[in-house]
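Two complexes follow with chain A in common, the first pairing it with chain B and the second with chain C.
Showing the complex of A and B:
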C-alpha cells in the first residue's frame, strides 16, 4: 500500500467525477426521491420501510454504481494498462476509488436523510447497520467492476443489484402472501435486516448483515482471482 | 543505471530470428524492420521478456486537462521532476488547462511521451513513437531521448521507417530474417576509391535503368526523388515507390552528379532539385524534405550540412 499512489488516484477520480455527467447524476437520485417522499408524507414521519428504501437506493445507485462504472471505464479505455506495475498498485487503485465512492455516498446519504429527518438514525445499531450496508454494496460494486469490460455492460449488471438488494423493501407493496416463501427469503436480505436492527436494536440482525458483507468480500475475491488469471 | 542486455535466443518464431543485443545507457539504439517483423519482435519482448513496450495504445483520461493528466501520472509514478518542468519539456505548458478531448493528436502524443518519460520503466522501449508526428512533436521526443540518456536509462526505439531509425538512433540496427545487423550511420567516406572505368558510358547516359520483375524501366534523372541503399542495393524512389537498380550507391553517385544529385548520407543520394526544406532537429541532426506527394523526409549527415548550405548558396 502506497499513500502517495492512493492520493494520486483519489485526486484524479474526484476531478474526473466532477466532469462525468453519468456519475454526477447518480447521487441526485436519492435526494430527489427523499424530496418526493417528504412531500407525500405531509409532514408526518415516514414509515421505516420507506426511509430504508431511500437508503437502499443510495447504496445501490450511488455506491455500487459509481464503483463499477469507474472501474469499467478504466477497463474500457485501457487506462489501467501501464498503471499496474504490481498487484500492490492494483489495491492502491481500488482503495483510492473506494475513498471517492465513500465520500460521494456520504454526501448523498446525508443530504437525503436530512430532508426526511435524520433523528431516527442517531443510535448505534442503525449507524453500524449503515456502515455494513455501505461495505456490502462497495464490495459488490468492486467485484462487478472487475469483470465488466465496458460501461454499457455495467448498466445491465446494476439492474439485479438494484432490484434485489436496493429495492428490497418494495416487496411488501407487491401484495404477496405475508407468510410466503418470497417474503421469508426477502427478509434475510441486508436492507431488511438493517430495518430489523433499527426497529428492535437487535445485534443478531447486525451479525447477519456482517455475513452478507463477508459474502460480498468472497465474491470480490473470486472476481479478482478470475481476472488475474485471465491476463 | 546499467546497460540492458536483451536476449531473444529462446523464442520459437517463424520469421523472427534469434539474437541478443546490449542496449547501452549512453546512447539511443534503434531497430528498423518491416511491420510484420516488428509485430513479432514486440510480441516477443512483451511475452518472453515481460517488458513494457510504449505503443501509445493505452488510454489517457480524456475528460481531464493536460495538467491534471500529467499531475496524476507524475504522482502515481513518483516522478521527482517538477510538474512545470515536465510541461515545458514536452511543450505542453500552453495547453495545460485544455481538456484532452479538445487537444490535437500531436498534443496528445506529447502527453503520452510525458507519461512514458515519468513512468521510470527500465529499459524504455518505444514502438513507432514519431510515426505521423509533426516537427515540433518529433523535436520534443528527441529532447526527451537526450534527457533519458543523461539519466543513463537504456532506450530502444523500434520503427518500420529507415529515416526514423537513422534520425532517432545513435546506433541503428536492421532486423531481417537473416538476423540483426548494424546500419552504418556515419559517413567516413573512405571506400570511395572508385575505379573510373565507365567514363565513356557516363557521357552518353540520359536514362537510369531499374528492374521491375522482368522488365527494365528507364527513368529520367529529374523525375527521381532520391536513391536509397537497401542491403547493398541501390533503390530508386519516386513518390514513395521503390525500384531496384543493379548498381551500388557509389557507382550511381558518380553518374548522377552532373544532374544535380548529391550524396547527403551514407545510404542516400538526393535529387537537389526536389529538396523543399532543410529541417533542423534539436541535437544537431538534419533531414531533407522532398517535394513529392507524400512529403518524404530523408536524413542529412551532420558533416554534409556545410556542403549543402554552400550548394544552395545559404552561406
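Showing the complex of A and C:
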C-alpha cells in the first residue's frame, strides 16, 4: 500500500464527486427520510426497525450506489484501466476510491442519526455492526460497479440491492407469515442481523454479518481481476 | 546492444482463433520500433501482451528484462508509459488535475506537468476541463500522461491518428527528443510517413504473423526494382533498368539535356506492405 497513491486517487475522486450532481444528491435521501420519520414519531423514540431502515437506506442509496456509479463510470470511460496500468496496487485503487464514499456515507449517516437520536448506537455491537454493514455495502457496490460495465446498467442492479439489502426491515410490514420461509431468509440478511446484534448484544449475529462481508469481498475481488486484464 | 523487448514464439489464441501466430522479435534499447499492419492484424493484441493487459497463450515475453509473469508489479509499471485505445481521461477534471493524478501515481515531480504541456503544445489549456477539449487536444494530453514520468520504454498505439499535420510534426519532434534521451519507443501506426520518419526498424504484421522486419531504408532498397525513372522535357516517361548495358542510354539523355527528372525506384513502406502481404495498410 502506498499513501501517496491512495491520497492522489482520493483527491481526484473528491474533485470529480463535487462536479457530479447525481452523486451529490444521493446523501440527502437518508437525511430527508430521517426528518420525515422524526416528525412522524411525535417526539417518541422510533422503533429499532425504523431506525435501521434509515441505516439501510444510507448504506444502499449512498454507499453502494455511489460506489457502483463511480466504478461503473471508471469502467465505461476506460479510466480504470489507466489506474490499473499505473504503479498503483489493487489496494491503493480500492482504498483510494472508497475514501470519498466512506466520507460522504459518514456525514450522511451521522446527520441522519443525529436527527432521530444517536444514543441507541452508543454500544459496541451496534458500532461494529454499522462498520461491517458499511464494508458489506461498499464491497458489493464496487463489485457491481465493475461487473455492470456502464453507468446506465447500474440502475438495474441498484434496485434489487436497495430492496433486498437496504430495505429488508420493510418485510415485517408486508403482512407475511411470521414463521414463514421468506421472513426466515430475510432474517439472515446483514441489516436484520445488525438489528439482532443491536437488540440482543449478540456476537453471533456480528459473525454472520462478517461472513456477508467476506462474501462481498470475494465477489468484488473476482470482478476486479476480470476487469484488470482483457483475458 | 541490449534488448528492451524480447519475444520468442509468442502465440495468442482467443477461443478457436489465433490472433498472434508464433511471433518472435527483439527491440533494442534506445530504438524506435514500429509495428505496422492493417486493422485486425494483431498490433493491439501485441501491445496488450507486452504491457501485461493480456497474457500470451504460449511463448516467452520479456520487457525491460522482466518476465511476462511479473508485468503486474509496480516496478515494471513505473518503467513503462502507454498510449493506447484504452487510454482515457477524467472528463470533468481539468487537464492539470488529470496530469497531476498520474504524476503522483508514478511518483514523478509535479514540475514535469508544465514541461509536458509545453512539449505537446497545450500550455494555454492547463486549466481547461477535459470535456471542452477537441479530440486532437485530448490525444495530446494522453500523450503527455504517457510520457510524464520519463519512462524507459513507451508503447504508443497510433499516437498521431487524431492530430493535424502541424501538431503531429511537433509530437514527432518531441518523440525524437525523448528517444535521444534514451527512451525506447514501440509504436504502431498506419501512417507510413510517420513510420519512415520516426522508426529505426519496422515490422510488418499481417494475420498475426510477422512478414518483414528491418529498417525502412533497408526494406525500401530490398523491394526496389533499382530502375531509373526518367521524365523528359518532351513528356516521355522512361524506366531504365539499373544495368551496366544501360549506362550509355542514361549518359546520352543527360548529355542531350532532355532530362527533366530522374530518380531511382524507391517504394514507400505502404507499397512494400502491399507487395509482401497483398493487402493495403489501412
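One rule holds for everything that comes next: the second predicted complex is superposed on the first by the 218 of 231 C-alpha atoms of A that agree within 3 Å, B and C clash if a C-alpha of one lies under 4 Å from a C-alpha of the other, contacts with A are read in each partner's own complex, and residues count from 1 in each chain.
By our rule, contacts are C-beta pairs under 8 Å (C-beta built on N, C-alpha and C of every residue); 3 or more make two chains touch, one makes a residue touch a chain.
Fair warning: this is a prediction, and the values are worked out from it, not measured in the lab.
Contacts of A:88 after superposition on the shared chain: chain C is touched, whereas chain B is not.
Within the superposed three-chain model, A:19 lies in touch with chain B and with chain C [touch as defined at top].
When both complexes are overlaid on chain A, the residue A:229 reaches chain C alone and has no touch with chain B.
The partner of chain A that touches more of its residues, comparing chain B with chain C, is C.
Residues 4-5, 7-9, 11-12, 15-16, 19-20, 77-79, 81-83 of chain A are contacted both by chain B in one complex and by chain C in the other. Contact residues on chain C toward chain A in their complex (touch as defined above): 48, 51-55, 74-75, 77-78, 82, 86-93, 97, 100-102, 104-107, 145.
Against chain A, the residues of chain B that register as touching in their complex are 52, 57-64, 68, 71-72, 75-76, 78, 99, 115, 119.
Across the complex, chain B is touched by residues 4-5, 7-9, 11-12, 15-16, 19-20, 74, 77-79, 81-83 of chain A. Within the complex formed with chain C, the chain A residues making contact are 2, 4-5, 7-9, 11-12, 15-16, 19-20, 77-79, 81-83, 85-89, 229-231.
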